[in-house]
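Chain lettering (A, B, C and D) follows the sequence in which the chains are written, and residue indices restart at 1 in each chain.
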Amino acid sequence: MNEAASPSGAGDIADLYSRTLRELARDPAHQGRPASFDATARGDNPMCGDRVDIYVSLDGERIREARHVARGCEICQASASLLTALVPGMTRAETTDLGRRAAGIAKTGIGDDSNDGLRRLSVFAVVHKFPSRVKCVTLAWNALDAALAGVKETSSE
Amino acid sequence: MDTIIAPGTAATFDVARIRQDFPILSTTVHGKPLTFLDSGASAQKPRAVIEAMTRCLETSYANVHRGAYALSEAATEAYEAARVAVQRFLGAAEPEEIVFTSNSTVAINLVAHSYGRGVLKPGQFVLTSEIEHHANMVPWQMLRDENRGIGLRYVRVNDRGELDLDDLAAKLADGKVGLVAVTHMSNVLGTVTPAAQIARMAHAAGAKVLFDGSQAAVHRHVDVAAIDADFYVFTGHKLYGPTGIGVLYGKRALLDAMPPFLGGGDMIGSVTLERTTYAEAPARFEAGTPPIVEAVGLHAAIDYVTTLGMGAIEAHERALVDHAMAVLPRIEGLTLIGGAQDRGGVFAFSLDGVHPHDLSTYLDRHGIAVRAGRHCAEPLHARFGLEGGTTRASFGLYTTAEEIDLLTVKLTEARKFFA
Amino acid sequence: MDTIIAPGTAATFDVARIRQDFPILSTTVHGKPLTFLDSGASAQKPRAVIEAMTRCLETSYANVHRGAYALSEAATEAYEAARVAVQRFLGAAEPEEIVFTSNSTVAINLVAHSYGRGVLKPGQFVLTSEIEHHANMVPWQMLRDENRGIGLRYVRVNDRGELDLDDLAAKLADGKVGLVAVTHMSNVLGTVTPAAQIARMAHAAGAKVLFDGSQAAVHRHVDVAAIDADFYVFTGHKLYGPTGIGVLYGKRALLDAMPPFLGGGDMIGSVTLERTTYAEAPARFEAGTPPIVEAVGLHAAIDYVTTLGMGAIEAHERALVDHAMAVLPRIEGLTLIGGAQDRGGVFAFSLDGVHPHDLSTYLDRHGIAVRAGRHCAEPLHARFGLEGGTTRASFGLYTTAEEIDLLTVKLTEARKFFA
Amino acid sequence: MNEAASPSGAGDIADLYSRTLRELARDPAHQGRPASFDATARGDNPMCGDRVDIYVSLDGERIREARHVARGCEICQASASLLTALVPGMTRAETTDLGRRAAGIAKTGIGDDSNDGLRRLSVFAVVHKFPSRVKCVTLAWNALDAALAGVKETSSE
């Protein structure tokens, strides 16, 4: 509701686009399509046009490397970037769980610092004040899940 | 939500106080207090519904699903909250099983198109009944008449106005029925059909089942999981909510397997000039700008009836039905149509020597609103030899025994007037 | 109705006073006064519309077309009066040429089903364009993909965002196009299309023509007779009216020749178990309980805009467009999409280095509501190489030059913020 | 509107169902299907179930006799009855005109006594206070028009 919305006004904007988030969004570390990979999937948000391709190379059940090509807003890019940084070494069950926690943090605003990965994901806690942006966080995680499940396309709608 | 009044405790159902929630009930017609006995056609609205819609329009209106700004987020939240309210109201497993349409008619047409044309196979049949409202008959006739090889069968209705379950069994027996589509409560006879039993019979014969709950959802607590409905439809304006909104419940797996019906915005995955992919249910079935403010109004209506308690409403109405069953048949020359065991507050009748149309005009001049005609159920009227129509009185949660008594008096007077 | 303010006399268009008619415009968002620049998605509602609906619900609500009692007669009269108001608003010859639907999307789907499947013949084509909203593209793709032998062609759009009329001529040349279905005003580019000329070209090639007037009818005086439209559609919620109602205008002879679309009550002639005949237009196309209260609201909205004068609204908006065209392109890094000669108050743009979604969130925190995305026009965005979407500001009759200036300032700030 | 409706209440009811109208409704004079006829059509009102069959015998361009079988309310019956009494001797152009005037009287409440036929039709003037009943007056006239035009079915909706 408009009246119920935060009265702090433009202040929030700086909270949302924190230095950490913006650095993540620009971080080139895991960007770009790798020459070879074991699984890939595309996440599409038909409403806004955001698109994330996730590529993973596997070591048995575990992810060796993850890369992304994200066409989207800063939140979407930051989420893809952090995802690719966090998931190496994990199994699908572990990434599904982490993705669910990332979504939870973005939806509820309740951060979690029970481990380093969750602490880093807590940069998205502020997103809960921007409900229409939650799906910008989840798009990359949905794509990763789809890639590991062998699905080619997914969506955050 | 049932906490204020425990289901079934009609004693605490203070109808005089409840009537004050409905602004229109204190107006007059032709100088007489309004006695509204046409809730079966459309119900009146409590202030809570009117105010919820006004508030939405005055303080938090915008288009949904599309904007990353506060008003649009608020409208989207309100719209999706209405979906969750309907999900809970019907006992559905997930909000994604609730599709908003514009009324029951469109909900049934949606199933006739997407399931009927998209999933049923040539050689299969739809099984509906003689008792149906045209909304649950004409779409299936149209499907039959398209020569896709999909046939249509009708379950007979017995003289009491009940579905003939032996006939239902017989018409399911060859296993060729793909979909049973029957009413959960007749809008003419008041008959409540044994939904759980019908669903069991349909499923045993390999058919899915759709219930037209346009009337039932207003008068009874409906639990789609308990009756194991595959599809269930109702319409907002009969449930004390706005016009312009209806509901299709469909089991997730069924909706997921159905092609879209209408094309447009909000139902797509991606669009190119050559090829379009579609969104998942329920978005796939909600093309274009949805009834946003109407969803807010329906949500308020559901909150209103669940706060009163569907059990309490049912008990109140059962008492009214008992009263009507006691007094109406005593009127000379009056014949009630149907006499089902399990019935809601809908009574169609004929009065010797008085044409329904003339009768309804007569009653109107005494402030009493009833309906004359065939109530969008011509085949049912033909079945009972009443091609010329009937007069129908139907009750809402605000109906009182005194109103039924007034009707009784005026019916007797009308008979004299037209003698 | 144009008497209060003569068309074109923008000087007498007192926007400050007019804004007071819209309750939501005096609310705040994130502590800032609301600057609503998303009217293209859905417009805000004047008090007159909200009050007309409330009054109907509180004093004269009942189902229509069905009752011989005062309330139902009043509701029927109000519903049919709304039809006459729409007829006059569009310059249609008869009220029977006006069909109420639930929005533009359903109106176009109705034509795609009833005319597309019922009247067009295998070997014929529908000709739409690259500029269309999904509502006027996906229904035709669905028709094409049903393998009935009905093809689909697209008119190209030039770099200024105008329909390429040479291409239109070329695609009509073989006489195989049965229906041209194009927008009367783009919801992304603001382009107003030369409707009368398109209709002449279509008719000369033996095709009928449908205009999607969802945007045009809001910003311009539309006269379906003058442009010789065969079908014309618009949607209530963009015309300052309620959600849940839309309009299909169709020439009488065309509607008369079209089979029904949805089956149910109110659209029938007679129903038996074996055979059903259908009512005449418009009833044939209005199955089920219609958007009664929404029709009342739409009527009030039409009265509201015609009292202001569509000419005066157009003049006011033209001044806003001129202002926007002067100030927006001066913003560093801003690229406007399209630059049609004839355009309405809709501006889609990209801002270097700022994603539309981030921009829209930024503006929202300053009270400014704009839309980010592809605005249900993916192929158009692809055509301009903007798959990632654009930001769109769109004006209503209540928009002011000061609001555009505020937008300008905040766009410049946003660019710095995201640098 | 309910508030705007006539305050005289039930009084109107007796006005509507005047002695004249009720006698017309019961008048057996032109009732029943004739053994032979030159044209016929059926008028149906799908909403209420009213149905009027009109049968006409012609003498060249002029109606010799008209008969009706009406299943409907008293207003519908009275209208069919008066119609069959009035139209003998008329051409189609004349009955079409008379039918239009009958509808006008019922809609506006303004009677007309420029001739005997119109004077008798003025019994329906009171119907204008009962808007949903106007079509009960017009059903028979529509059927007659359809019969003379060679159409088989019509409707007052």
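Everything below uses one rule, namely that contacts are C-beta pairs under 8 Å (C-beta built on N, C-alpha and C of every residue); 3 or more make two chains touch, one makes a residue touch a chain.
Just so it is clear, the structure is predicted and the values come from calculations on it, not from any experiment.
The most distant chain from subunit A, with centres taken as the mean of CA atoms, is D. Note: centroid distance subunit A to subunit B, computed from Cα atoms, is 44 Å. The distance from the centre of subunit B to the centre of subunit C, with each centre set as the mean of the Cα atoms, comes to 31 Å. Per-chain Cα centroids separate subunit A from subunit C by 36 Å. The distance from the centre of subunit A to the centre of subunit D, each centre being the mean of the chain's C-alpha atoms, comes to 74 Å.
Counting only residues that touch two or more partner chains, subunit C has 27, 29-30, 34, 59-60, 66-72, 268, 270, 357, 361, 372-373, 378. The set of subunit A residues that touch two or more partner chains comprises 2-3, 5, 46-48, 130, 133. Across the whole structure, chains are in contact as follows: A-B, A-C, B-C, B-D, C-D. Taken together, the subunit A residues at the contact with subunit B in this complex read 1-3, 5, 44, 46-48, 130-133, 153, 155, 157.
By the touch criterion given at the top, residues 2-3, 5-10, 12-13, 16-17, 46-51, 71-76, 130, 133, 136 of subunit A touch subunit C in their complex.
Remark: subunit B residues 59-60, 65-74, 76-77, 268-270, 277, 279-280, 283 touch subunit A in the complex. Across the complex, subunit D is touched by residues 27-32, 34, 355-358, 361-362, 365-366, 372-374, 378, 381, 387-389, 417-418 of subunit B. By the touch criterion stated above, subunit C contacts subunit B in their complex at residues 23-24, 27, 29-30, 34, 36, 38, 41-42, 44-45, 49-50, 53-54, 57-63, 66-72, 102-106, 108-109, 112, 130, 133-135, 137-139, 141-142, 154, 235, 237, 242-246, 260, 262-268, 270-273, 275-276, 287-294, 357, 360-361, 363-364, 368-373, 376, 378-379, 382.
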